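Reviewing the structure listed below.
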Amino acid sequence: MDYQAILNVIEKELEHFDPGGKVPDYIPELAKIPANKFGMHLYCLNGDDFCFGDHDERFSIQSISKVFTLALAKKHGGKKIWKRVDVEPSGDPFNSLLQLEKEKGIPRNPFINAGSLVIADILISELDNPKEQLLEFVREISDDPSIEYDKKVAASENEHGYRNIALVNYMKALGNIENDADDILDFYFHQCSIAMSCRQLAKAFIIFANEGKTLNTNKKVIGANSAKRINAIMQTCGFYDEAGEFSFRVGLPGKSGVGGGIVAIHPGEYSVAVWSPLLNEKGNSEKGMKALEELTSLTGLSIF
Amino acid sequence: MDYQAILNVIEKELEHFDPGGKVPDYIPELAKIPANKFGMHLYCLNGDDFCFGDHDERFSIQSISKVFTLALAKKHGGKKIWKRVDVEPSGDPFNSLLQLEKEKGIPRNPFINAGSLVIADILISELDNPKEQLLEFVREISDDPSIEYDKKVAASENEHGYRNIALVNYMKALGNIENDADDILDFYFHQCSIAMSCRQLAKAFIIFANEGKTLNTNKKVIGANSAKRINAIMQTCGFYDEAGEFSFRVGLPGKSGVGGGIVAIHPGEYSVAVWSPLLNEKGNSEKGMKALEELTSLTGLSIF
Amino acid sequence: MDYQAILNVIEKELEHFDPGGKVPDYIPELAKIPANKFGMHLYCLNGDDFCFGDHDERFSIQSISKVFTLALAKKHGGKKIWKRVDVEPSGDPFNSLLQLEKEKGIPRNPFINAGSLVIADILISELDNPKEQLLEFVREISDDPSIEYDKKVAASENEHGYRNIALVNYMKALGNIENDADDILDFYFHQCSIAMSCRQLAKAFIIFANEGKTLNTNKKVIGANSAKRINAIMQTCGFYDEAGEFSFRVGLPGKSGVGGGIVAIHPGEYSVAVWSPLLNEKGNSEKGMKALEELTSLTGLSIF
Amino acid sequence: MDYQAILNVIEKELEHFDPGGKVPDYIPELAKIPANKFGMHLYCLNGDDFCFGDHDERFSIQSISKVFTLALAKKHGGKKIWKRVDVEPSGDPFNSLLQLEKEKGIPRNPFINAGSLVIADILISELDNPKEQLLEFVREISDDPSIEYDKKVAASENEHGYRNIALVNYMKALGNIENDADDILDFYFHQCSIAMSCRQLAKAFIIFANEGKTLNTNKKVIGANSAKRINAIMQTCGFYDEAGEFSFRVGLPGKSGVGGGIVAIHPGEYSVAVWSPLLNEKGNSEKGMKALEELTSLTGLSIF
């Protein structure tokens, strides 16, 4: 498969594609990113890689970090995490709160904010230095020690994160939070602030396409079964209430973030990251989704 | 892969597995089925097949029929069906009604009852003899002219289908139903009453594993792209509010019915049907799910 | 109290008041009513009466009829009706369906559609000729044998009443409906179609201001306690999700209908009916509410 | 009317009445109160008063304080408070959060927690020393300078008030909170901690029965119109999702608190307070409601 030729077609086709939508304005630091950034990077399991555009520029990975923290929690917290968070799609943007009340503080899945806050709580209980250890984990799977938290972005979220403060306190009232709300929010705002490029993300996500093994070192950092199950959750829950649409159009497990990034993987084949900051009304990068739809159309390959 | 050996292991392992749960009692004809029925049938794309237990006994396919009517509507109604029904998981059992109100009569996906009633409405508008043509379609893809509606089951649902009458009238009030409620319900209760064995179901579902082509005749009955997209919807929406759980545990697209049947497919590999009448509280065959979980564990293969 | 002088002030003040809003278009027969109709009629317990404008013209009482059927059900069904319908405000327009699911088919109160359909079901079970007996009851308390169903309006609702068909079937599925859906809907559409003038409504509602006794004959048609309790329900539930607003601005128990009528009572003092067809977005006559607000402001009297 | 004789009957009748239910355990300080406390105090507008039992023992007024803060906000914030809080019943215990999302941070009424937190926010913006001024206001209308905050109770709520922290932050995210969450919660937990006896509460609430004037000094502390409107809100929203039931059974405006107190008023006649700590599942004092139901039954008087 000549992936570079296919990426070239995608870059060309979408050069003048206007996705509409907007850059999120509720996180001031993100509102400053130029809307026309566009890049893509794909790593095959054999190490070949292909790319175009702003693929080497770092951006705020935001909710994509929820996959990293889930993988880390699986390593350290094991199966008990599934007693505190479910694996079902949430169905609805506002459900998070209504649903928490109905289901006694158990978030619907680890990729909605409530769920990722519970994962953060678990990591704080299990790890000695949670923020450091998360960064080490991401650096290890990316084979790139230069990855850092963006302190400005973390501070920016901290100031305006009232909704997340509400969520964590609400779950504490319902008995599903162990640690101090402030510690959890500090960790959560840091995980969201990690800055990575498409290249770094694609390399890091190889572990999910490769039965838990990293690209460069072939080290098994999570179990093959964990990788498979995290893929299943990405497939059904990776795109808020647009998970079905992504599955329908693209046909790969993936995860998006409000920084405009999307990562998707084809198990046994490749992992791919795309970046375009303009978000549709569901909060996903519209041009990124389009690029990935083209990728599976042009390659003729999806998991389905 | 020695599928027969694997099926033998599953049969043996689950021989004394007590799934709990119960046979649905709201459809009197279904309440009569012996709870201990258990059978499985798997067809590979090359035509090899493997089986055990009650794999040749016919049962009421119920909601599994929603995949057949969706495929038929895609053939005859084309893309316009996606204006009247969405492709997102519903998230919640009661959402069907709340969600319909919020989203102006557009059901969340074609596999919840509301969505399948809209698909029925489309088929009634598009086809000359919808009930006959649905039966012909199912007979064609199964290569089995003996498949029939079970009139007793259809009549039994008709008498007690108040919730479906409510749904179709509610959507009519919201402007998303064209035909008479009675005609739609008559069609819908008939589609659910189709009686098929595991063998017949597995053979019929090969079209979704085989890019739209039937097993015996290799005839393309739906487009490869349609097959891929229907698989994606099965993956995210095939098991009511347990779709995430099935995806997580089994890792294949599939569809269940309250008759105790489940069909799943591995694109490019096989299709498989399993039958065990006892349902868990989410309305899915617990033993059937367990059998499919074992299948992907023992083969080491899933789409993830 | 010089009520006629006060009514004259109200008529004059509101002569050029433009309430905005619109005549309901989902019932074709109601859509034909001229929007500028305006009339008011007040009866004191001593039989004195005061009026202005279109107070003698009959209009469709619609949901105001729910108070009559509740009073009749209290006479014939006694306390057992409170096992099948609650007395709490519904809080929310769409709640009717969500709430029914959560609360197992028990409507929140007898003045939302679901609740009044249960009351209709009770009357059909308890009475030999429910439609005739309802009409007799309304004629008796109004002391006016000319009151009739408007068959055109009843037929008009029948054709387009999909939402009510949905409600009654949904409650039947949940076990809170005894009779055939068609019979209940026929009764319900008839009760809503009753045509009455402000004069007739004000006279009929005297029973609620007068401890259950009619104006002209002083006959006790319902118990004093029943009258008091129906008043309490009108106070908290008489105006859909604008009950609090009416209570806040007017301070009297009352009931509105989408025909543009509102009736209110001051226990021990008077009953009053007003008619103006333009409805606000909550479905209540905006000019009617304004007129009643002026009435309690100018008289300085409310129950609070 | 011989109120003392009637109160004696109530005391006797309910001597052995077992209301079931329980003392709230989520506020540790309240969990210590003996369940068998029972007292009642009634003040007529002419100053006569009647009582029995533990009528002079102080308890935590909790949500009854919401009426005091609303009255104070009306004095200082005027009509603009109705842009930030509505006057409709909430219909549902969990609605507070779902409803806030739907209605953009505008609480349904000032007597649900969310609404009272907005009132607290308004008072903090309007007053120089909000906590001192609230206490002065309550002391003035009770004509009793000994009324105090219970610092232990306030601290006890502070530690466990995660749900209220969630609410205030959630509304801040939706733009309906001006001040710091911590300041609002400190004020709110203090208002709830005020300790008063039935005698003090009955005397304080005379202002709502007496067109805004205090009992002893006859000073107009709020407008007659404000008093009337606050009564209307108590009538429709004073008892969480049991407001309809209280209106139905008792027929007076009132307000309950989880400390087991209930205050009710008959405009132009009297105000009455009752205390019994055991709460039913809706969070209201069951014996207190029963006592007030008996009071309006035995006197034959209610506002209806």
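Chains: A, B, C and D, in written order; residue numbering restarts at 1 for each.
Convention: contacts are C-beta pairs under 8 Å (C-beta built on N, C-alpha and C of every residue); 3 or more make two chains touch, one makes a residue touch a chain.
Treat the numbers as computed from the prediction; the structure is a model and nothing was measured.
For chain C, the chain with the farthest CA centroid is A. Per-chain Cα centroids separate chain B from chain C by 47 Å. Centre-to-centre separation of chain B and chain D, using mean CA positions: 55 Å. Not a single residue position of chain B touches two or more of the other chains. Judged by the touch criterion defined above, the protein chains form a single closed ring in which each chain touches exactly two others. Chains that are in contact with each other form these pairs: A-B, A-D, B-C, C-D. Residues of chain C touching chain D in their complex: 86-92, 95, 99, 108-109, 227-229, 231-233, 235-237, 241-245, 247-248, 251, 253, 267, 302-304.
Considering their complex, residues 94, 97-98, 101-102, 162-163, 165-167, 169-170, 172-173, 181 of chain B touch chain C.
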